[in-house]
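Below you'll find the structures, each written out as C-alpha cells.
Each of the two complexes below includes chain A, the first together with chain B, the second together with chain C.
Let's look at the complex of A and B:
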C-alpha cells in the first residue's frame, strides 16, 4: 500500500478542516454555497476513505479468536504535536491505526455522513453553518474513535463526541429535544463512569503484570490469568458500552433521542453512534479480555435475545412511526450483539456485516419517516393512510427497504442475520444453539412491526385533503436510490465485505 | 452445455427490473409491449425447461454452482440443478405462466398500472424457477422466502383496498412462520453434516449429495432430533402448500386479482411445499413417524377442506379450498412413499386448477366483479367454450375423465389397500365431485335467470381471443396429459362419482329447496375457524404481550429511572439542609468526612493489593 497517498491523519482531520472553513467568515451566510461545499467535501472524503479499502488487497489484519491478544494493525501513524514525550512517560501514545475492522467502520462513517449531508438539505432550514460545522466535527471525532490506538484517547473522544451530539439533537429537534438530549448525555455519562473505571483497571493491571505503563490497545498483553479480574473489567466495560448499544435495561434514552431529533441527526444516531458501542465491545472486551468475554458470553447472549424480542415487541406497540423505527434498532442491535457474543468467525463477520447493513436500512427508514412527516405533518400512524396512491415512488423504496429490514434474501439484511444465526448455531458453547433457534423464531416479530408500519401508512385510501401531495423529488429520490442500491449490492455481492474480513 | 444457460431463468427477473426502473424514471412501457415482452420471456423459460425435460430423459442430472458466501472453507453456493423432477415442474410452471400472461391481458385490461402487475408476475415467475431449479437447500431457502415476498406483493397489488392489503399482510406473516421452520431445519442439518464430516463444501446441502447427507445426519443425530428436523421441513412445506393447520392463508390470498389466483394460489406457489418434500424425500423416508404425519396431514386437509368447499358461496373460495384438498392428496401419495405419483398429480392438478380459475375469472368479470355464486347462472348460454373447458376441468378434478382420471387412479391404487382406506378415499372423491359440480350447475346452468339483467360486461373480440387462447391451451394440455399417463382402472368409486354428478344436477338445477344444517353449516362456511386462530394470535395474544412490554418499559424501567432522578434531588436537598451556618457542625462534618475517606481509601487499597497481587 502506498502510504504517501493514504495517510490516516489526513483522513481523520479533513472533516475538522471542513468544519473550520464552514464556520469561518469566509463563506458569510451563503447557505447555498455552504451546502454545496459540504456535499462536495463529504463525497470527496468518502472516496478518499474508500481508497483505503480498495487499495488494500493483500494486507490483512484481523482479530483472532481465543487466547492470543497481540494484534498488529497494518497502518499506523502518529499525530506529531499531540504525541509527545510527556504523554509517553505515562504510556499514552496519540497514534491512530487501521485494521480491517477499522477500515470498514471508517468507510461506513464517511458513507453515512455523506448520505446524511445530502439528505440534510431537505430538513435543515436554519442555522445552516452551525449544523454543517457540528456535523463535520462529529465526523472527525467518530473517525478518531474508530482508528485510535490508545485507551485514554478513546475515552476522551468517547466523551467529546457528546458535545456536538447534544447540540445537534437539541438545536434542530422538536420541542422535547432539549430534554431528550440531556437524557442522552446523562445516560452516556453514567455509562462512561464504568467505562473509565474499566479502562483504569486495565491500565493498572497491565502495569502490575508487565511493569510497563501502556495504554495501547494493540499492545496490551493481558498476562493475568485471574478470571475474576477479567470478569470485573468485562462487566464494567459492558455497562459502559451497553448504554450506547443499547442493551435493554439501559435503552430508555434511545427512543426519546431518536424521535425528538431531526431526521438527519436520527440517521447518524442510529447508523453510527449505536455501532460505536459494538465497536468498543469488539476492541476492548473481545480483543483485550478474551477470557472474561468468553465467561460472560452466555450472559451477553441472553441480553441479546432480550434485546431482540423486547425491542420488536415495543416497536410493534407504537403509534408514532418514528418510534417504531427507533425501537426496531434495539431489536436489530440485539442480533449484532448475539453475533459478537458467539465468538466465532462466521458470526463475527455476520455481525460486522449486519452493522453496515443495519446502518443503511435504518437510514432509509428514517429518511422515509422524515419525508412522510414533512408532507403530512404528523408522526401518528393512525392519522396516516393510503400514501402509496399519491407517492408510488416512495412506496416502492419503502417496500424495498422494509424487506431488507425483515431480512429477505438478496437484500443486505439477510446476509447478516443468516450468518449470525448460522454462526451462533456453530458455536462451541451449546447454549448458543438454543439462542440461534430462538433468534430464528423471533424473525417473524420483525416482520410484524415492519409490515404493520408499512400497512398503516401506505395502504388503504388517502384522505381527501392529501390528494394533492407531491411524490418525492429529485433530491429525495437520489438519497433513497443510493441507499437502496447499496442495500441491493451488498445483498447480491456479500463477498465484498466477507472476503475483506475472512482469513 | 445446458448449465451454461441458467441465465435464461433469470430473464423474467431482468425484464421486471427493467420495467420497474423505467417506472421509477417516469417512463411507462405501453400495455401491449409489456404483455408481449413478458410472454416472450416466459416462452423462453418454457423452451429452456422443455429442453431440460427432453435432456434428462437420456442424461444424468446436471449441476452447476458458484460461491455466494465463502468464509474460510465454509461455502454457501447458488446455481442450477437439472434433473427430471425440476425440469418437469419447471416446464409446468412455464406453461401455466404463459397461459396466465395471455389471460391477464384480458382480465386486467382496465388497469392503469398494468406494467407493475406484469413486473410482479415476472418476479414471481423467476423466483419460482429459481426455487425449482435450485441445486441445494440453501438456494431453496432463499427462493422459498422470495416466493413468499412475491406472493405478498401480488396479493397486495390493489393496495388501495384495505381488505387486500390486510390479507396480503396476514398471508406473508404465515409464510414467514414457514420460512422460520425451514431456516431452523436447514441450520440444524447443515451444522450436523459439516460438524461430522468436516466437509465444509457440504454446508449448503447440495441435492446431488443428498445420500451422503442423509446417512451422515442419521448417524449424527438421535432419532428424536431426526424426527424434529423432518417435522420442521414438513411444517414449512405444509404452510406453503396450504395444508391443514395453515390452510387459511389461501382463502385470504383470494383477494388477489384472479389471474394471480390462477397462477400462484392454485398451481405454482402451493406446489412448492410438496416439491420440497419430494426433493427431501430420501431424508424424510428414513423416519416412519414423519411420513405418517405427512399422510395424516394430507388426509385431514383433503377431508375438511372438501367439506368447507361444499358450502362456500364465493366462487374463488370454493376453488381455493379445492386446491388445499387436492394438494392434500399429493401429501397422501407422499405419505405412501411415492414421490413419482405426487409429481404426476402436481402437474395434472396445476393445469386443471389454473384452467378452472381462469373460467371462474370469466364468470366474475361477466358478473361485474361479484364473486358470489348465488347471483350467477346460465353462463353456458353466453360462453359455451368456457363451459366446455370448465366441464373438462371438473371431470378431471373429480377423477372421471382426462388427466385427473389417470392421476387420481394412481393415488387410489396406492392408497386403497384396505377396506377402510377405500371408504376414506371414496369419501374424499365424492366430496370433490360434489363441490365442483355444485359450482358448475349453479354458475353455468342454474335456476337463476335474472342474473345478467342490465348492461352486461362488454367483451371485445380481442378479449375473446385472449380468453379462448389461454383456456383452450390449458384444456388441450389436460387432455394431452391423459394420453401420456398410464390409464387407470374403472372401479366402484368411478360409479359413485357419476352418481354424485346426477345428485348435484337434481339438487342445484331443479326446484328443490335446500335446508342448511344449522351449526355444521356455519362451521364449514368459516373454514373450521382456522383463520380466526391466526387472527386472534396476532391481534389479541401478541398485541397484549406487546402492551405488557410497553407497560414494563414505561413503568418499571422508567420507574427506576425516575427513582434515580428523584433520589438525586433528594440528596441535594439533604445537602442543602446541612448548610446551617453553624461553625461547630461544619467542624464535625469535616472530621467525619476525613475519617471515612481515609478508612475507605485504606480498605480499597488493601483489597486491590490482595486481589491484583502486587
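Let's look at the complex of A and C:
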C-alpha cells in the first residue's frame, strides 16, 4: 500500500499552520469565518489522522507487553532544521514516529479537539481568534508529545504545553480561574522538574553503562541491573507523571482547574491532558525501566485503589455538578492506573481502551454540565431539578452517557473496566486478585454518584421561571450524538481497538 | 616588553580614552551633549570590542555588547541633562569590571571591586532624590561590611599560605608537605565567598537588593543587575580554582538555597514589578551561584551559558518595564491591567522575557535551566538533595512570575482604553531584539553551548 501521503510532519504541524492562519488578518476579525474555518480544518485533520489507523496493515509497529526493548516504530521522520549534527553528538534526535499506541492517542487527540471546537460555539463569546489559535497550538504540541522519540524533546513539549493551557484556563474561565490556572501550572511545573531529574538520570546512567550518549526512548535498553537506581528513577518519574494523572496526594489542582475553566477547556483537560500522564508511564516506566516498574507495581496498585475509592467518595459528596464530573475522572483514572500496574497484556489493552472510553464519556458529561450551566446559570445541584421535562433530548443523551460512565454492557465503559479487572484477576502477583475484588466492590460507588447526579438535576418538578428553556440546538445535538454513537460503537465492537493493540 | 603589556590592555586603554573624551565634553554647552556623549561611549566600546584578541574573553565581550545596549536605553529628565556624567560612571564601571576579571591576586581583585562599588554608588544616587540617596547609602554601608568580611578571609589565607596570588595559594594547598590540612582553608574561603556574594545579592548580605530595586531608576537597575554580576562570577571562577572541593560546593549550595527560598517567598506577596525583578534576580543568581560552587568543567560552561541567557533576557525585561513606566499605565504598583488588549505586540515580547526568566520552553531560560541542572547532576550523586531543594524554590518562584503575566492579560479596565507612551522608542527596540535573541537561543542553543564549553576548557 502506498503510504507516501501519510507524513508525520504534516500531521503534527498542520494545526500550527491553522493557528497561524487564524491569528493572521486573513480572516478579517470575523468570528463566523473563524469558527467555520476552525471547524472545517479540524474535521479534515481528524480524517487525515484516521488514515494512519486505516492504512496501517504492517505488523511491525506493535508495542507489545514485555518485548519493549526490541520494538521499532513503523513510521519515522525527522525535522530537518532542528535535527542537526551538533545535537546528534549529545544523543538528541528531533525525530517523530508512530507505533500503535501513538496512533491511537493521535486519533483520540484529533477527535477530542474536533468535538471541542464544534462545542466551543456555545461557550466562547469573546477573544475568539485568540481562543482558536491557542487551541490549535495546544493540539500541535500534544500531537508532538504523543509521537516524539526523544526524552528531551518530550520534556520540552511537556513544559511547553503549560503555556497555552495557562492562558486557556485563565482568560476564559470564571473569576477564580486565574488562581486555579496558577495552581495547575505550579503543580505540573513542580512535577515536571522531578521528571527532568529522572530523565537526566536515565541519560547519564545509560551513558555510564553503554558508553553512548542517547536520548532515544526506543533505543535505550537499560543495561543496569541495579534495582536501587531503577527504583529511584521510577519514583522520580512516577511523581512527575502522577501529578498529571492525578494520583491522589497530588490531585488538588484538578477540581479547581476543571471547575473554573470554561467547558471546552475542561473537556480537553479531562480527555487528553490526564491521559498524558498514563502515556508517560507506559513510555518511560514500563518501556525503559521494567525492573523498577515491576518492583513498584504493588505500590502503584495501592495508589490506584486509593484513587478509585477517594475519587468516588469525593464525587458523591459534591454539590457542584461540575465538580462531580471532575472527581469522577480521578476515580476512572484509578482504574486505568490499576490496569497499567497489573503488568499483563490484557490489562494493558484494557487500560488503553479505557483511556479512549473515558475520554469520550467525560467529554459528554462536561458537555451536558456546560449546557445546563448555560441554560440555568448555576452549577449548584440543589437549585436544579426537573430539567427532563423541558429538555427531553438532553435527558436522553445524559442517560446514555451516564450508563457508559457506570459501565453497563454494550457501552464502551464496560469493556474498559471489564478488561482491567479481568487482567488483574489473571495477574501473576496474587495481591492484584485482591485489588480486583476491591475494584469490583467499589464500582458500585460510581453508579451511586452518577445516578445521584442524574436524579437530582433531571427528575422532579421544574421551577416556574425555567418553563420556557429551549432544548438542545443543532450543534449541541451533533456533539452529543457523535459522542454517544462512538460510545455505542466501541461498546458493541471493541475488537477494532483490541485487535489493533494485541500481538 | 612594554609593547606586549600594552597590547594586552588595549580594550581597557580605549575605554579609558573615551572616559577622558567624555570628561572634556562635559565642559561644553549642554545642547548637543546627550547625542555626542552617547556616540563617544558607543564608538569607544565598539573599538574596544574589536581590539579583544584573546579567545577566552566571552565575559568581556558580553560586557561590551551589554553596555552598548545600556547606552541606547532611552531616558528622560536628569539622566538626559547630565548624560556625560552618567556615561563617565558607566564607562568606568565597565573598566573596573574588566579589571576584576583579569586580576590574578586577592589584592588587585579587592581594589577593583572597591572602585566598581564607588562607580555603582554614584550611579545609584544619580537622580539625587532623597529616597535614592538613602538606598545608595544602604548599599554603601552593606558594601563596607562585605569588604570587611572579604579582607578578614584574605588575611587568614595570607597567614596560612604566605601568598595572595591565586596560583601561589593553589600550589601551597596542593603541597603534600603543607603544615595545614584542607579543612583549615574552608572558613577563610567562606568569608571571602560571602564578601563577594554581596554584589550578586546572595545571602548573607543580600537584603539591600529589593529596597534598591524598588526606588532606583530603571536605567541604573538595568546596569546594576547585569554588569557587576558578570564581573563577580568572573572573579569567582578564578577565586575558587584552588579550592574545588565538595565542602565549598556544599557551603555555596546552602547560601544559594537560602537566597532562592527567600526570594521566592518574598515575591509571593509583592506587587511592585521592580521588586519582583529583584526576587527573580535572587532565584536566578542562586542558581548560577550553586552551579559555580560545584566547579567542574561542565558547571563553568553552565555558568557562562546561564549568564548570557539571563543578562540578555533581563535587559529585555527592564526595557519593557521602562516602557511601562513611561506610559499612562504607570502608578505606584505598576498596575498595568489589560495592557495586552491595547498593545499586543509589545505584551507578547515582554511575556517572552518573563517566560524566559521563569524557564519555560522555547526560550533561552529553559535551555539554561536544563543545562545547568544536568551539569550539577553530573558532578555527583551527592548533588541530588541540593537539586531537590533548588527545584522547590523554582516552584515557589513560578507564583510571582505568573502574577506579572496575569496582570497583563486581565480583562480591559473600562477607564483606560488608550495607551499613551512617551519617548520609549529605543527601549522598545531593545525589548524586541532581546526577546528575538531569547527565542533564537531557545530554538538553536547548540552553538552557544559549544562556545561555552570550549571557553571553559581554558579555565
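One rule holds in what follows: the second predicted complex is superposed on the first by the 494 of 503 C-alpha atoms of A that agree within 3 Å, B and C clash if a C-alpha of one lies under 4 Å from a C-alpha of the other, contacts with A are read in each partner's own complex, and residues count from 1 in each chain.
One rule holds for everything that comes next: contacts are C-beta pairs under 8 Å (C-beta built on N, C-alpha and C of every residue); 3 or more make two chains touch, one makes a residue touch a chain.
Keep in mind the model is a prediction, meaning the values are calculated, not measured.
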Mind checking chain B and chain C on superposed chain A, clash or fit? clash
Thinking of the overlay built on chain A, is A:434 touched by chain B (first), by chain C (second), by both, or by neither? neither
First (chain B), second (chain C), both or neither: which does A:21 touch? neither
When the two structures are overlaid on chain A, which partner does A:167 contact: first (chain B), second (chain C), both, or neither? second
For A:87, decide between first (touching chain B), second (touching chain C), both and neither. second
Which partner does A:51 reach: the first (chain B), the second (chain C), both, or neither? neither
First (chain B), second (chain C), both or neither touched by A:157: second
Considering only touches as defined above, state whether A:204 meets chain B (first), chain C (second), both or neither. both
Of chain B and chain C, the partner touching more residues of chain A is B
With the two complexes superposed on chain A, say which partner A:13 touches: chain B (first), chain C (second), both, or neither. neither
Give the one stretch of chain C, out of 79-87, 151-159, 187-195 or 295-303, that collides with chain B after superposing. 187-195
Show which residues of chain A both chain B and chain C reach, each in its own complex. 204
Using the touch definition up top, name the residues of chain A that touch chain B in the complex. 204-205, 208, 224, 226, 228-229, 249, 252, 310, 313-314, 316-317, 345-346, 349, 386, 388-389, 393, 395-396, 399, 403, 406, 408-410, 414-415, 418-419, 421-422, 425-426, 436-437, 440-441, 443-444, 447-448, 451-452, 455, 458-461, 477, 481, 494-495, 498-499, 502-503
Residues of chain C touching chain A in the complex: 355, 360-362, 366, 370, 373-374, 377-378, 384, 387, 391-392, 394-395, 398-399, 402-403, 405-406, 409-410, 443-444, 446-447, 450
Where on chain A is chain C touching in the complex? 82, 84, 86-87, 152, 155-157, 159-160, 162-163, 166-167, 170-171, 178, 181-182, 185-186, 189-190, 193-194, 196-197, 200-201, 203-204
Touch list for chain B against partner chain A, complex: 20, 23-24, 67-72, 74, 141-143, 145-146, 149, 153, 156, 159-162, 165-166, 169, 172-173, 176-177, 179-180, 183-184, 187-188, 190-191, 195, 538, 542-543, 545-547, 549-550, 553, 557-558, 560-561, 611-614
